[in-house]
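Common to both upcoming complexes is chain A, partnered first by chain B, then by chain C.
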Partner chain A sequence: MWYRSASFILDNRQQNVAALAPDTLSISPPGGTTRTSMADTFQNPNPNPVISAYYQTRAAHHGVITSDWLAQAQAATDQNSDPNAISASDVRVSDPDKPFSVIDEFNDWRKQPDLAEAVAAIRALAAVIRSSKATTMMELEIELKKASDSLKSWDETSISLTAGCDLFMRYVTRTAALEYEDFNSAKSRLIERAEKFGEISYKARKVIAMLAQDFIFDGCTILVHGYSRVVLEVLKLAAQNKKLFRVFCTEGRPDRSGLRLSNELAKLDIPVKLLIDSAVAYTMDEVDMVFVGADGVVESGGIINMMGTYQTALVAHSMNKPVYVAAESYKFARLYPLDQKDLAPAPIPIEFGVPVPSKVEIERSARDYTPPQYLTLLFTDLGVLTPSVVSDELIQLYL
Partner chain B sequence: MEGRRFPRTVIGPKVRQVGFFAPAAPEPSSVEPDPVDSSSPPLLDSPVSNSLSPVMIPPPRHLSERTAAVPVPELGFRRQASGDFIHIGSYNPSVSLLGPLPAGSPSSRVGFGDGELSEESSTAGCFRRSSSGSFPGGGFDMSSLKHPENLVGDNFAMAGELEKPVGGPEKEEEVAKEALHDPLSCLELLKTKTKTTKVERRALQEAQRAAKAASKAEGGKVVAKSNRAAPAKYSKESLQRKGGPPAASPMSTDKKVSDHPFEKEKKKDMPPPRMQFDDKNRVEKAKRRAIVNQTEATNRVELFRHLPQYEYGNQLPDLQLKFFQLDSVHPAVLKVGSFYLAGDILGGNARCIAMLRAFQGAIKDYRTPCDKTLDRDLTAKISSYVSFFTQCRPLSISMGNAIRVLKSRIAKLPPSYSESEAKTTLCSDIDRFINEKIVLADKVIVGHAATKIRDGDIVLTYGSSCVVEMTLLHAFALGKQFRVVLVDSRPKIEGRSLLRRLVAKGLSCTYTHINAISYIMHEVTRVFLGASGVLSNGTVFSRVGTACVAMVAHAFRVPVLICCEAYKFHERVLLDSICSNELGDKEAVARVPGRMDLSSLDNWTSKDNMQILNLMYDATPSDYVSMIVTDYGMVPPTSVPAIVREYGREYSLI
Partner chain C sequence: MPDVQPLVNGFLSQLKKRKIEGSQATAKQTAEVLRSVISQQRLPHTNQAGALIDAVRAVGEQLIAANPVEIAVGNIVRRVLHIIREEDLSLATDAIAGLGISAGSDDEDDVEQDDHPVLSAAAVAAAARSTLRPPSLQTLLEDMPDSAAVPHTSSSGGESEGKSRSADKGSRGRKLKHDVIEAVNDLIQDISTCHEQIAEQAVEHIHHNEVILTLGSSRTVLEFLCAAKEKKRSFRVFVVEGAPRYQGHVLAKDLAARGLQATVITDSAVFAMISRVNMVIVGAHAVMANGGVIAPVGLNMVALAAQRHAVPFVVLAGSHKLCPLYPHNPEVLLNELRSPSELLDFGEFSDCLDSASGAGSLHVVNPAFDYVPPKLVSLFITDTGGHNPSYMYRLIADYYSADDLVVKGRTTAGS
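Moving on to the complex of A and B:
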């Protein structure tokens, strides 16, 4: 029941369809080209504008999906047949002489529920370097740039994807060794760096868990909003270290990721209590600290996270409870939202259980922005940071 | 009120307090002509040097000891890395005795020997005094262990011309003191020496003074914004003046003694203390050197007494009258200075560009005097121009930073460059600075800031900032649908010209005065403000009234965006608008143009219990600032120190 997920089901269906009629699907993209050139593959990524792919993936991995949600998602995808799914199925049926597509590679990695999207992107970009047929450094760099651009444009709502691609480009290509080495060794060096970066990013979660579990003390009550793999890792490690604490999980509508988290925690024998999202203020008196993950950490030091994080942080702030954010450094993005509306919207399907009259408007945004003044500390793989350090780190990373 | 300023006067004389520990040391030098007892091995030389004529080059014996380092004594004046000069100047007899003397005995001996030389050969009393200035020769020797050339240069200059010892300690007081004694020593020389012509001596003297000013300027890492107590002496007037308040000299000697080389090194990083205009002695001194005749205003507001406050109106014609007498100031500089004085150039960027262009003109016409090196002499020249500008109007943070860059560029000129090469390099450096740090930076800022204007926004701006204007025009050109609210205030009604320009371009504007700010704010969605400078703690230093606007915006939860080029960032910290500010013309506040009926303030000067305050700037705390848009992107105000730290170095590298 817990792993019933929308996008997998959708993908499976599409795959079945593709398997049945591969010909009709492979010529379906607009323009009718057969996608032989690399450039073509790069132009393809046009994410479904109705549904944010990032949040769809999250829902698929962590959410508890109801039939309503599925139906909505299905309807949305059917309206403009998802080109990504097509391209994915396209490659799967094709033979190996087909050109390499970074999107497919990315989608393959993305399917692993334990792998963060940014890490998937980093792995995919590393694969781009590996499979590149470029003969000069410049060519390779351009190819890499194109690949990362196409990844970024594939899903503009995913902050960690964009940030991960940018950071990868910075980390991999900003090396003086490129100047004087011959191409092959330079390339192998790039691959080495890329792999190292992938490894660092992959291990980030463990580092954060190590750093953050010190903040959990015996007998404390932790409020967690949304499902975050990092937060889960932190709680897991704290439980392994024989710390005694209890966790309040919010329900995490609309994808109900809190239910999933409470299930995971129950498996670890951590006392856990489920709340509906609107009970945050009601229970805040009992809470000692608030733990949240982040979809993205922005330059002001604030975070972008699942809808409801802002209000949770506001309530915690007004009751003088610390708000801790666990986020890997590849989620640091060069964005500076001034207010909630300053973000690109990331709509997701929302089910209300009952039919909603067509005249009623529905707020479909999946995320909100929490300004830095409501956050206490950020646990990152760079260390435990105050919100204002984020910008300093970003300045050092990017300029 | 008083309490606020009190600690400052206590902090300032910290040097003085330390100085009381060893006040005796310079005393013997001034009282008895022979400090032999107090100092040690070096004085063995003194008989030798004594026999020399004051104008001769020091004995070749000394030279031969460090010939390797200095092939040509004339080149000795070439400056070393600027930093070295600072603690060269540090002077503490006890330390120089205990310290590295034995190790560097030859050179240090020379240093002292020369001090001695000047001491002994001088007959006049004034010389004795100046010998205390030459004592720094002893200070020199510490550094001379590292840089023997320095010493040679120094020796050479010192022995070559005894008018004035080239002092190590570049303390302001020292310079100030010497300003007092210099004329005397000159006169003495005129009597005693007949070998050099008057012109030559004048040139030498000038150059020495320039060199001293140069090393001083670098030493202090001058934040030129501050009005220093003793700007480099450059005006002829000061030369002609004789004597001075005798009270000044003991104090300065005390200070000199106190300077531990170690402390000096620490002090090197600190900006020099700002001129406090409630310190009567210093104001007197500064006034005597001033080119621009400023009359101190009466009825000054108690809290702001430390800021310069002048009567307006008569300086400009006065300066124009002097045009042909001021040969120490380049015409281009004079022109820009008079523009500052008249208020014809306004705005941080415009003022900075005008100043840099004036410097460019001055550099183009610059010719190194025959026995000077370009870098030192030119730095001195620039310093003198800067102090002229300061007299016209206090420098802005941006100008201070630009001057710092220029000086570091001059200091970093390769010594192999010829004069013309150096001049063209400097001119192109200035061009690059203007281009990269101001023009291009503005473009980047405009690009960033325009992304924060969305359709349907109501953008509020205050006063007239050129970057904000460009941002609004750019966003308008991008086809964004937004409305502008222009808030303005008396007495500088700057917003009107901005309003005229924006309306001419077709933007829809609302114009109001700052009194209506709380009324208008609730419909505003973004506040864009310019800044004169941003300080390390995120405080924004800007046109007076900005803090009010930002505060109201904060209260209404409207994001406040500050558009400011990164070259206006400063590592200093400012907590209030009182410590450093600028006072404008009081008359402008007292009088409302076009309202003859408002005459209650007409004779306010005659009322003793009535003070008028016209502040020019205020400090906006960082709490009220949502974002600072700079050429390095959009950053929170907490990241200003990160930018200053990361890119402060770049200033010197550009």
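Moving on to the complex of A and C:
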């Protein structure tokens, strides 16, 4: 591989591919458009789908997509569910009477547009607890571990899913409060916490919106890239507080989530201007601050977010504009990407409007990594943090 | 409370008239005023910590409003509030520990109540511990259902204590007050000895034959340099005079009196000289939560020059200068415009300064402070050691509790 990096993450992934499907090892560098996603999924038995389910869901919730692509995406997800049923079977073994799959459960929750990914993950794990026939804490833990592993391997591109599973597992295995109680009350307590997590997530957004208010001043211009519920919440609250500001929205190709955001902002009577993604540098001198959400916050303090965040941050940095990230703390993930290629790619279908010749390669990744030196501050429910705090929090939690 | 009012008012008017300036002096005096507020405050039987916090907050709000530029005042108010919370918590956990032991000893009497209070006591302790801790990922899942119960754990702990052992009531109140005053005394002690603590580290940073550059006059810097001199380091100091107050002259004189080689340069000569400098050591007015520094005017220029030539830019700051707010916060008044008389002689320029007559409209702006962004600072030296700018949040989490960040907003919202 010409882009072979030092990181073991990538190597691991390649080893997995080798172990699972020796015949598909000779995957050429991502093929052209001729390689249809469906065919590929069909051949490829590994649980890592060719189309990133996470970004597919995001696009479905936040994006503006033409109908034929939506149909194709639907077909792709349907195809995916086949190998997944197999990977979920180990969970089913423990519960032979009633077939139950975490992944189905998770997908049910995931379909709700208002629900954050991590919330869906934790709800799915709660369902595992509920259907479990374990009689000791240890058994339950093992069962949960299996479920969370299969969930994580089902969609490796979703950082919130992984982080949500890890957070919940950490709570189950290491919480002192559970030691005082007998098994049944501990179990019901776990379920209760899992149910409450949706509320936590909702509250986190409110806290972030409150914290960010100090940073939005009258007459400022805010550039927003991509659609983020947190950022929308921040802007909504600022508008409610009678702050006068205007927003530049990037278009957010390929799912065009910026269109959706501009639509929401226009409903709130916030002056909003839509830019094509390549106009970021052109408009940057008018901009006072850049606001982005995050799919995941990694240990270095950098963020993984929708494609284009990195270049937006670079432009802002070179023009000395602050880049603010709004992200809930449960998106903190134990990853340390060294460069862009260090992450498992999360390919999504990209439409160019015209047929692309088969010899032309297409970059399909849905996300990029923005290193911490280009970020000014992170607004999280833990407070306003500098990027270096993130690793501190993660170490406190997992060490 | 009425007994301390004259004291508070006296300090308020001193602050307002700018009779008392400088972060160390204001910090120390604030701590002393708050100490007498605490010692005069009469405590109710329940929720004593709450009463103390309210009293300190009320006075603190006035003090901050009197001179918002002196950020150290607000810092000390927050520190004292944090101290009260901490002492209350340690008393509560002590009481719980006592409760557990006593419950264990006389378990024949109340068997049915026995295991229940121990469990709840542990839960209360855990909840109370989490109130002081800043929110973290660790407590994200744990705290949620308890969050409603957390604010009045201290009061409910006090109540149950009061009911069960009525004789304890008075003594516990006195104990809390005593502990808090003791801790505030420690704080005052810390503020007055911070120079020595910082100066102790001088030998680690200043080496033989080095050239140091500093701007204006700071007692911390003076002590720091002298401490290195006492350890037989020989080095040269460039003192930037620091217009318009020219405090650099005072510093240069002091340094020369103590046998150090000092060279005075003008503010405009900084860039010319910086290439010969090994290290820039300066004092600060305040250090913000993001690691940015509010410093005497002219320092940003020095920091930029230092960055251009990759000269380490070291900031000395006592822990009372650590401010838990961000410079974007509107509550932080970053700058103060001083009298134009420091710049221009009134007699000579009185004609053109008189804008009322319309004859001339010469304006003089004399800002007192600069903001140096965190990326220009190489190292902070505080009384606890050397720290990276990005580490400041950690120190702040140790010194302040998250509830106290907004002293003013909370009280106005409440009243």
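To be clear about the criterion, the second predicted complex is superposed on the first by the 308 of 399 C-alpha atoms of A that agree within 3 Å, B and C clash if a C-alpha of one lies under 4 Å from a C-alpha of the other, contacts with A are read in each partner's own complex, and residues count from 1 in each chain.
Definition applied: a residue touches a chain if its C-beta (ideal position, glycine included) is under 8 Å from a C-beta of that chain, and two chains touch if they have at least 3 such contacts.
None of the values given here were measured: they were computed from a predicted structure.
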* Asked: When the two structures are laid over each other on chain A, which of chain B and chain C touches more residues of chain A?
  -> C
* Which superposed partner A:Glu299 touches (first chain B, second chain C, both, neither) -> first
* **First (chain B), second (chain C), both or neither touched by A:Asp381** => second
* To do: Considering only the touch criterion stated at the top, classify A:Leu338 as touching first (chain B), second (chain C), both, or neither.
  => first
* Asked: Given the touch rule stated above, what does A:Glu192 touch, chain B (first), chain C (second), both, or neither?
  -> second
* Can A:Phe168 be said to touch chain B (first), chain C (second), both, or neither? -> second
* Touch check for A:Asp392: first (chain B), second (chain C), both, or neither? -> both
* Structure fact -> The shared contact residues of chain A with chain B and chain C are 388, 392, 396
* Asked: Can you name the residues of chain A that touch chain C in the complex?
  -> 167-168, 171, 175-177, 180, 192-193, 196-197, 199-200, 214-215, 329-330, 332, 377, 381-389, 392-394, 396-397
* Asked: What residues on chain B touch chain A, complex-wise?
  -> 452, 454, 526, 559, 561, 626-627, 632-636, 638-639, 642-643, 646-647
* Which bits of chain A are touching chain B when the two form their complex? -> 299-301, 334, 336, 338-339, 341-342, 372, 388, 391-392, 395-396, 398-399
* **Footprint of chain A on chain C - complex, ascending** => 119, 122-123, 126, 134-138, 140-142, 144-145, 289-291, 326, 328-330, 374, 388, 390-391, 393-394, 402
